[in-house]
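Chain nomenclature is as follows: A, B, C, D and E, assigned in order of appearance, with residue numbering initiated at 1 for each chain independently.
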Amino acid sequence: MNLINHDSVVKRMKPRLSKNSISKWIFFALTMFVLLILGVLLYRIFSQGLGYLDLQFLQSLPSRKPENAGVYAALIGTIWLMAVVAPVSLLLGVGTAIYLEEYAKENAITNFIKVNISNLAGVPSIVFGLLGLTVFVRALAFGTSVLAAGLTMSLLVLPVIIVASQEAIRAVPNQLREASFGLGATKWQTIVRIVLPAAIPGILTGGILALSRAIGETAPLVVLGMPLFLAFLPKTFFDMITVLPLQIYNWTGRPQAEFHALAAAGIIVLLVMLIIMNSIAVLIRNKFQKRY
Amino acid sequence: ACGAQGTEGNKEQAGEETKQLQGEIKIDGSSTVFPIMEAVVEEYGMTQPEVKVSVGSSGTGGGFEAFIAGETELSNASRPIKDEEAAALKEKGIDYTEVQLAYDGLSVVVNKDNDWVDSLTIEDLKKIWVEDGTTKKWSDINPDWPAEEIKLYSPGTDSGTFDYFDEVILDGQPIVEKATLSEDDNTLVQGVQGDKNAIGYFGYAYYAENKDTLKIVPIDGGEGPVEPTNETIESGEYSPLSRPLYTYVKNSAIKDQEEVYDFVKFLLENASTLSEDVGYVKLPEEEYTKQLETLETLK
Amino acid sequence: METTTATAKIINPQEKQIVYKTSDLDLWYGDNQALKKINLDIMENEVTAIIGPSGCGKSTYIKTLNRMIELVPGVRTSGEIVYRGKNILDKSYQVEELRTKVGMVFQKPNPFPKSIYENVAYGPKIHGIRDKKVLDQIVEKSLRGAAIWDEVKDRLNQNAYGLSGGQQQRLCIARCLAIEPDVILMDEPTSALDPISTLKVEELVQELKKDFSIIIVTHNMQQAARISKKTAFFLNGEVVEFSETNKIFSTPEDKRTEDYITGRFG
Amino acid sequence: METTTATAKIINPQEKQIVYKTSDLDLWYGDNQALKKINLDIMENEVTAIIGPSGCGKSTYIKTLNRMIELVPGVRTSGEIVYRGKNILDKSYQVEELRTKVGMVFQKPNPFPKSIYENVAYGPKIHGIRDKKVLDQIVEKSLRGAAIWDEVKDRLNQNAYGLSGGQQQRLCIARCLAIEPDVILMDEPTSALDPISTLKVEELVQELKKDFSIIIVTHNMQQAARISKKTAFFLNGEVVEFSETNKIFSTPEDKRTEDYITGRFG
Amino acid sequence: MTNQNTNSFSVQKMIQEKKKKKSAGGITEKIMPYILFLTAAVSVLTTIGIVLTLIFETFLFFDAVSIKEFFTAKKWYPFSETEGSFGILPLVMGTLKVTVIAAIVAVPIGLASAIYLSEYASDRARRIIKPILEVLAGIPTIVYGFFALTFVTPILREIIPSLEIFNALSPGIVIGIMITPMIASLSEDAMTSVPNAMREGALALGSTKFEVAIKVVLPAAISGIIASIVLGISRAIGETMIVAVAGGSTPNLEWNLTSSIQTMTAYIVQVSQGDAGYGTTIYYSIYAVGMTLFVFTLVMNLLAQYITRRFREEY
């Protein structure tokens, strides 16, 4: 009683194999399609903006004359913003991840925190803008300062960092924890000396993704009412700043075509920052290369 | 009348008369006024580098919100202050002075290929823009014009530009529902450029930058068709579609903070040149002089 | 190495003492009982082997001896394990202290993703020893003790994962020696190693028993026969037989022991 | 079950044929040679065991027999493996087809995260069998063949990961039987199982050899002795000895074989 | 073992001494869990903050506009001098149109790329492509907005002449493109983490790579994949600048994809940038819309969590 006819199995082989190779090409083509569109996007930006991109552009404050205008204030502002977002979101995010992965017991509260985090990841950024406006700008009276914008952005990107860190921490093999405990290390020693170093590459990847998002967000800052033109640079975290995406947004809204080209140049600056951040992450990832 | 020279002259004066000032000035409000204020602050920074001025662009309404909350010293507006806002300021005990900076001429434009419209009256505009339940064709306005549907492009309903248009043309009646609205005037320009049956309106500067690709519609306000130009707007001939742009200043700030007084003074002295620089139309000179005199009384 | 004996041993250098006295130990994973009424006396400065088929509770038992078993959620125990006079299953017993006295070597070599030096120095460091000179001495001494010094002395700052499996395992032993434990627990330390590395580790165990009490789990009966003084045969969570190794392998008392060591099952 | 013999076997029902003829097989992982000049003839409807210490190349060899080894990047081979008259190492040989004829059971049970039914039906389905009735028959027959039908017949729609390790392994065997292979390769199929499950799988292998050619890798020499007809002893990528199992275990020719099976190393 | 250097010290003795000296370590050990719990509580506080922020102003809004009108009226026209009309349906419609289009673009392409990267691509290709996707995920959305308006819309207008300059189609497609890298990258992670043993099991039964990907890996990774899709769609729902630039600002209830729209998010920026006076109904309306948006994404996330729990294939 042969239930399987091996001849027909052999006959069906050919269509299955062609299906396999066709779908491989489709998958490949779609991947390339995305990259192609993004290539077109980049080409347009670069061809428009490259002409305006020079040292003077990087060193100048905004100006009514396109040829004098630059991104200096916005660039410095963005760096200040990152100086708030990076430590705050990393501390909170990694702390939460450690709590959830290493300490939390399986109970209703833990579960609630987890559901809450995955929900937060889906809350529109503009809603965070409303939160920041009410809580940081108004209630805590930080005004439209670096601090208010930074804290708003930190909360916005927090879920990304938490999830990435959780995964990185979970990926650290238990054997390493056991080895450390076996030597009499306490839990916190084990976390600080063994788990976190081993999880750093994953945490950094998440951190970079989160910062990449924070660096390019416009809508929540618009809602916060951040200033657009500053004739000075911040000195403390309570000073006001403007940031690249807002500057870009403003330039694109101007009537003069030169400003649109300036916006493109600003986008290039932003992209370069993104690429630098990503490369740093890759470097660190390689340095901490884990092999277990 | 003399742009760069004016500012330089001022710089020299500053060197002689006034010491270097310090302090912070926060300005927020209309995005329409923003370019003027940006230009003023840019120039002011050269004479008083230690005065830290920030300019926001939260919209006229958003600006007043911050002004009422006491967060700003100056609030830019593309329309006069509303009664509610004035009342709220009064309640907070904030006295203010209205300063006119320049004019913006709302420009009504059609597609370059539109060869039938030569001018429109206020009544025509009303007919075109007010919703009445019908689909409007050019031939409904003038039987000689083609029986094609009119495509309308208008700034977003929450902008100062729309507000002004609403006031003088729509008179509170709803705008045609099928009108395409956008917050970004550049995209309106593109809309009209790409659509033969289009009509749109937006700030003068956006027309001025796109003269070659748009056709301007002279407006007949009762005394014959007038095209918006710097001259016709400044003289008030282009009426009623030209509107003044404002900034509102907190009186107590002028009194207590020398740098605010100094800044407003600088503003009034240079607004004429700088507003033209960024695409708006200056007020007649005497308007600035008058306001400078008022300023002295507030000091 | 002769001088590194812990204080407790010095008191009575002549006769051997009991290191671990297990009495009526029961252990459950949730509802599943993995150890049943275990009674075992383990003597100091000997190698005690634990053999038995897969799943019989060898790992569970050995992990109870340094309370690593607590890492598994839902584990419950009853009974007593007295180590050097104190019941370690007592909640008040400091696990960290226990684990600095009782070292452990695992089935799969598990060095930290750090340099060789840092691996060995890890234990002393977490216990507060910061002095670089002292650390250097400890590292050298421990690596020598684990018979791997000559192979790694020129590459102490390289990542431990560059070592072969057998070297990694000896590194793990060195890491455990660095805190000068009293007892060393080994859970199938050679099952992931090739024959030559296995031989080296076995020789090392013979060497170490002079100074340490060693408890080793193995599923390789030949290994148990080769290196241990006493052997416990576990089956389904019970100790079926526990006596001198040569007795177990030549004249086992229990039929099941005989079946197992003659390869009739397992 | 008696009728499931594949066509090739019917031609010469009397005398046993060679299923796999391996000639001068060399295999490199990158620069590291894992198999060296392997020559082995494997007969049909027999159990052939492959033993040897860890790392000697057992898994590598068995994975070459269905070309699963190709999944490792950078693998190169030379030599020939002739299966049923054709060299399977030929690039033109269709791997998918080879693998429908040569089933494989892995060291760790690896059921799909699907229902028990879907696990077994997976193979027939991808090969185009859609008829629910036929599938039902295949599933039952295969589960019976793997001696697990009675344990799972009431929970066919439950997730396979609810089964115990031993049941999972038999399910994997059923999954492999469902496509009615000619040869079954088993890589340490019981090393992750408890003694009772091991016993069940061993009995199953005895049953299956009536219909299939079976090649089994094991590090458990007792197991090899219990179930196989012939045994190959691998060491460092070479076949040291290959002959009847009882001969290997009683009178090995090579000194190294003897050392290994008497537990002198490994 | 030589003992030239062992006479001098006993590590255990040193350890015991250190133990006695410092008891601070014990305190860290005790308080750390609480500190970490507090950091974890921040995310809960954030949610509470969002709800509180929105709810007060939303109540003020509902003083002026009835809840019934808000959810049933078919017109959103708040800026009228006389009496505004506050029916949120047109804004919801705008959001839905854009989101559905984005999902139709992003889900198949994203999954295809994920499958390509995790099942077919060489290690090298993966290492090159993934970081590129990650960088692209950081391009400010305003840039995508102008890309939609000045590149995609003109091309689409060649194909569909009746397409208006502001429409739902173009921003929908561009949002789809924007979230594709995210779906691809996260789904790829989920698929890569499916144990190789499963792929081997399937290949050993004679499966082609395609069959392995579709019938084994995809179902096994489904919960991660759904999570990535939900996150992508949440992004699409919450996306602001692209629709504000390329979608127009005309709320309407039509099904038509070629005409101008407004989404909930675009409305919020419109008002936050615009002219509405503080304390007016319009001003409060952005909080009511924000609340709706929040509830929208909340429901979707909970639904997705329910679905993943239902369909998760445990292993």
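List of remarks:
Simple rule for what comes next: a residue touches a chain if its C-beta (ideal position, glycine included) is under 8 Å from a C-beta of that chain, and two chains touch if they have at least 3 such contacts.
These numbers were taken from a predicted model, which means no experiment stands behind them.
Chain centres here are C-alpha means, and the one lying farthest from subunit D is B.
Using CA-based centroids throughout, the chain positioned farthest away from subunit E is C.
The interface with the greater number of C-beta contacts, when A-D is set against A-E, is A-E. Spacing of subunit A relative to subunit B, judged by their CA centroids, is 38 angstrom. We define each chain's centre as the mean of its Cα atoms; on that basis subunit B and subunit D are separated by 83 Å. Subunit C and subunit E have centres, each the mean of its CA atoms, that are 50 Å apart. Multi-chain contact residues of subunit E (touching two or more other chains): 208, 211, 269, 272-273. The multi-chain contact residues of subunit C, meaning those touching 2 or more other chains, are 97, 100, 127, 179. Touching two or more other chains at once are residues 16-17, 186, 189, 225, 252 of subunit A. Against subunit D, the residues of subunit A that register as touching in their complex are 1-4, 6, 8-10, 12-13, 16-17. Every residue of subunit A that touches subunit C in the complex is listed here, in rising order: 106, 173-186, 189, 193-194, 197-198, 290-292. Of all residues in subunit E, only 123, 195-208, 211, 215-216, 219-220, 313-315 touch subunit D in the complex they form. Considering their complex, residues 31, 57-62, 64-65, 68-69, 78-79, 82, 84-85, 88, 156-160, 162-163, 166, 172, 174, 177-184, 187, 190-191, 194-195 of subunit B touch subunit E.
Subunit E contributes residues 25, 28-29, 32-33, 35-37, 39-44, 46-47, 49-50, 53-54, 108-109, 112-113, 115-117, 120, 129, 131-144, 146-147, 151, 177, 180-181, 184, 189, 208-211, 227, 230-231, 234-235, 237-241, 265, 268-269, 272-273, 286-287, 290, 293-294, 297-298, 300-302, 305 to its touches with subunit A in the complex.
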